[in-house]
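Take a look at the structures below.
Below, subunit A partners subunit B and then partners subunit C, in two separate complexes.
What follows is the complex of A and B.
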């Protein structure tokens, strides 16, 4: 095995055993690593009838072939499970420090099943993996738990930790590395919590990486690092963080306001944008491992009701989820809400979006004092959000806490009526903070993303906004944001590219300046896959198609490639007011281009067989030819 | 001749702020959005679009003396 370690630890928390899982090298090559390989393991191993929170459910952490190579943007890893929030295939990507540490400890990934009898932590110390008691950490916030684990396992250890929300099985609970970097989406924190697994720690290992062509890897890093650092997106991210263009996007109808009832508020745009965050609260920048971009923010709010000590600051998604979406321009409140939500261990997008939905429901009278236990929900009431609602959601306490802990779609189904119409979600996953009515291809991307409404499972977000161009694979379109023109064709490429990025576990910011050929070169140099461009694209598409097959076996069909009505109704104000998104036309063409069955939503048998997924084809299309 | 030129108010938002140090641009009469953007020598990768009265303007849109335009970048992030 070149590049990859070839070692996957198979951990059964019920039995308390650890065994080695060795996959054929060809399997790595066919699925790249990360989310692609995670999907393949899920397909091969999952009990598809098992509930997401049952002991039988799988929780898979996978590195990509580039983990630990000291390249900007190559320190991410992927988590795969059945989503406690959507019931479908969950995948989530996290930056930080865990991926290179796990690689240096000698593992490509962890496959975790079962349920520990007591709260536990998995400790990885090179070849020795132990399951330790974590009762002392249970109930503690992520910050305190992370610090305690560092005291126990050494300053150079690094950990993945859940908060009270994960312990309480909130379906959108997240997992944090170093209390800053998140497996945010799809409820990975609940997946861990259901296994009584509070944390996973890797002790400092510092093994020499085994690479297919170490000199070539070194040369590529030397060549590409300056370009990554100097790329315009990297500079904006470094200077102002991921919210650096929030005020600009507010004008183009990208930024949702008040539960997506509006997408223009100039004052909010100015108050919440990255330059304002830098001017008012930034103490310093921070990074993931080996990254020259340094997009992370370390902030401090000195005074007022939302004072917080120096620590992790909000990303774009958090700024909008707790800012304009809730009808506030109070950036201090946003910083505190993000900090509290992270410490409790909830995805800030789902948490903010669910609260925004509840505020609108209360305003409409669909959510009453009976539902809320007498608590009024008002736009912009951030003290209530920070002090009451977030803690109630994470502990599932009180009527309101129990209701909102279901996520927006679950809560809407619980109260009934038309309230589902003004949730903003696809497949039950709350949409990220980019309004598809401002970039119509996003509507298609959100709907056909296998994990639910998502802008980073595929590359459409960056391709539609012109942040990248790939002439080497035929993507040279100059796309018009407010139409569906060429969006299905772009989506085909975006699905493959997104799967490549999430399987190679590359940061979608840092790799924007790389060509697809350079990504193939990196993978080949590190892992020795020997890809030509076509083979790498095929591997990406194979991964995407496999995920669709998994979703089908989990009960999803073509009808689930849809968005809630709120996301498709014409915008009411701003630049995009009144413009219709021709979603069904885009979807129909995408289905045609991808040979997707219009009922099942899965690729044709012919296509699956051509991709080398014959076994999967037989399962999906039994007895046909 | 003064009549051959028009004055446009310009304001950059987000990452465009860094590249627009003035708040006015003087361009030949009959200029379009494309002419204005080219004259400001902005990096092509910014993918700038112009907004007037809250609406985006196509590159071929003609500018009028006294127009105020906001310039934003479509560069994605977040």
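What follows is the complex of A and C.
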């Protein structure tokens, strides 16, 4: 096998055993790798009745076929599980350094089941995988744990670590690599925590990659690297980080303010944008493996209540979820909140969005002092957020900590009334910080994303904003942001492209200047799949459809392809004020184009069989033909 | 052949009138001047060049920047090249500049991120451009969706 190693480690933490899982090469080709292959393994292996935090639950880490090649954005990694937050299929993508290290150690992925008897760390040293005691790390923050693991396993080792939130099974707990790069969404940290798994470490291996056509890979890297570096998006990311155009996004109604009650605040846009972050707090930039873009920020806040030493800085999602969403333009506070949240091991989007919901609930009187233990929740009170609320959420301590640790939808259900209406989520996953009322296709994308409201599981975000153009697959639409026109048609392509990106484990920033043909060329040169464009698109669509089938078996139906009312209320401010999002029309047309059953929300038997998913079709549509 | 401009002189006449207003506008001009850069717009069909200097002190009192119609000696910090008709629609708020760059309609070089930061700042000027055309008696050049 080329590109891939053909080796997946099957680790049972209850038994303490490690066995080899070898999948047929054709299975890799049909699902690409990463999230597609993770979904296939989940389908084949999962006990669909098992609770997300039970020992039977699967936690799958999977590389793409490009992991380890020296190209910007080609070495991300995918995690797959049942989400502790949503109950549906969870997937999450992480940059950083773990994917190439695992590939160089000789593995495509890890399938982890069971529950260790005590806190543990999985250590991977080439062909030897051991399960070590991690009691000394339990309870420690991610930064301290990461440093300790590096001391134990060598400077060139790299690790995936959970924080106290993951240990305490907070359903939106995250997993961090090098205390900076996150499997942020869907609660992967709790999935690890439920297995008593504090960390996974790969020791330096530097095994040579086996590539189908090494010369072609080299030529493609040489050809594509300058283009990636010079692309407009890359330049913005390099100069100002992922929040580089926050100010511009604010004007287009993209940036939510005060729990999505507004999407326009000029002063906040100026105060929180990437150039302000660079001017005030940037110490240097940082990267994921082999990346020429360097969008990561290393920041330091020298003085004041939010002083922090030099270390990882906030990305766009964190800036908004701890900034405008909470009603503050205090960028120092945002930096500290992001740092604290990372160290505790919680997804900054879900944490920020849940606190924002609580602030509105308190203002409305739906959340009372009885719920909060007498703690007032006020817009922009960042000292309270940093010093009290985040630690309480991660430890699930006190009434308020226990309530908010459920996430916004869980907390709203707990207090009842109409509070669920002003959560901002789909399938229970808090929406990312891009307001669908500023780009209507995002509403459709969030709703039909299999993991819940998400802007990176499909490519709609970049397609709708004009950041990509794929005439080779028929995407030449000039899309109007504030209408539903051509959005269902775009969504069909976006679903397949998103699955390709997350299965090939590509960075959605770095790959924006690549054509779909070039992505196919890269995969072919590395892994020898021999894709033509159609076959690669089919593989992407197959992955997306399989994920829909998994969600159906986990209890989701067409009715769950929906958004909370807050996300579809006409905006009150700015250029998007009063404009209605015609969500149901878009959804209806998308369902029609995708042959999705209007009740079950799964593809038709015909479609599944045509995609080569006959066994899946039989389970979803038993006894029909 | 351009749909909106007879020739470069025609383009200069329209943009000259428009930029006079933009660079005197207190709300837009103040923010533009903070960019501190020199931008060269290069147009094709008709071939033309306009340079906007937001770096040096304005040449005229009451203005927040200086513009030059036609080639000039100022060294630009950033340049942008596009068909004149595309620019005409852009100033109506009808073109997505990100999509223009993605599709290769707009070429850029230099400090493009600094220019990108100007996009939200100049947004109010989209309303001024059709008004300028109307004031010049060129209503037939106003483009609607």
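As a working rule, the second predicted complex is superposed on the first by the 625 of 625 C-alpha atoms of A that agree within 3 Å, B and C clash if a C-alpha of one lies under 4 Å from a C-alpha of the other, contacts with A are read in each partner's own complex, and residues count from 1 in each chain.
The working rule: a residue touches a chain if its C-beta (ideal position, glycine included) is under 8 Å from a C-beta of that chain, and two chains touch if they have at least 3 such contacts.
Values in this document were obtained by computation on a predicted structure and should not be read as measured data.
Visitor: Based on the shared subunit A superposition, would you classify subunit B and subunit C as clashing or fitting together?
Guide: These partners clash in the superposed model.
Visitor: A:346 in the overlay: touching subunit B, subunit C, both, or neither? Say first, second, both or neither.
Guide: A:346 sits against neither subunit B nor subunit C.
Visitor: Where does A:137 make contact in the superposed view: on subunit B (first), on subunit C (second), on both, or on neither?
Guide: It touches nothing on subunit B or subunit C.
Visitor: Can A:257 be said to touch subunit B (first), subunit C (second), both, or neither?
Guide: neither
Visitor: Could you say whether A:176 touches subunit B, subunit C, both of them, or neither, answering first, second, both or neither?
Guide: In the superposition, A:176 contacts neither subunit B nor subunit C.
Visitor: Looking at the overlay, does A:467 come into contact with subunit B only (first), subunit C only (second), both, or neither?
Guide: The answer is both, since A:467 touches subunit B and subunit C.
Visitor: Does subunit C touch more residues of subunit A than subunit B does, or is it the other way round?
Guide: B
Visitor: Touching A:244, do we find subunit B (first), subunit C (second), both, or neither?
Guide: Touch partners of A:244: subunit B and subunit C.
Visitor: Which positions of subunit A sit in both the subunit B and the subunit C interface?
Guide: 232, 235-236, 239-240, 244-245, 247-248, 251, 269, 275, 465-467
Visitor: Using the touch definition up top, name the residues of subunit C that touch subunit A in the complex.
Guide: Touching subunit A from subunit C are residues 96, 98-103, 108, 112-113, 116-117, 119-120, 123.
Visitor: In the complex, go through subunit A and note every residue touching subunit B.
Guide: Its residues touching subunit B are 231-233, 235-237, 239-240, 242-249, 251-252, 264, 269, 273-275, 315-317, 320, 433-434, 461-462, 465-467, 481, 509, 574-575.
Visitor: Provide the residue numbers of subunit B that touch subunit A in the complex, in ascending order.
Guide: Counting only subunit B, the residues touching subunit A are 13-18, 43, 45-47, 49, 51, 54-56, 70, 72-78.
Visitor: Hey, which residues of subunit A end up touching subunit C in the complex?
Guide: Touching subunit C from subunit A are residues 232, 235-236, 239-240, 244-245, 247-248, 250-251, 269, 275, 465-469, 478, 512.
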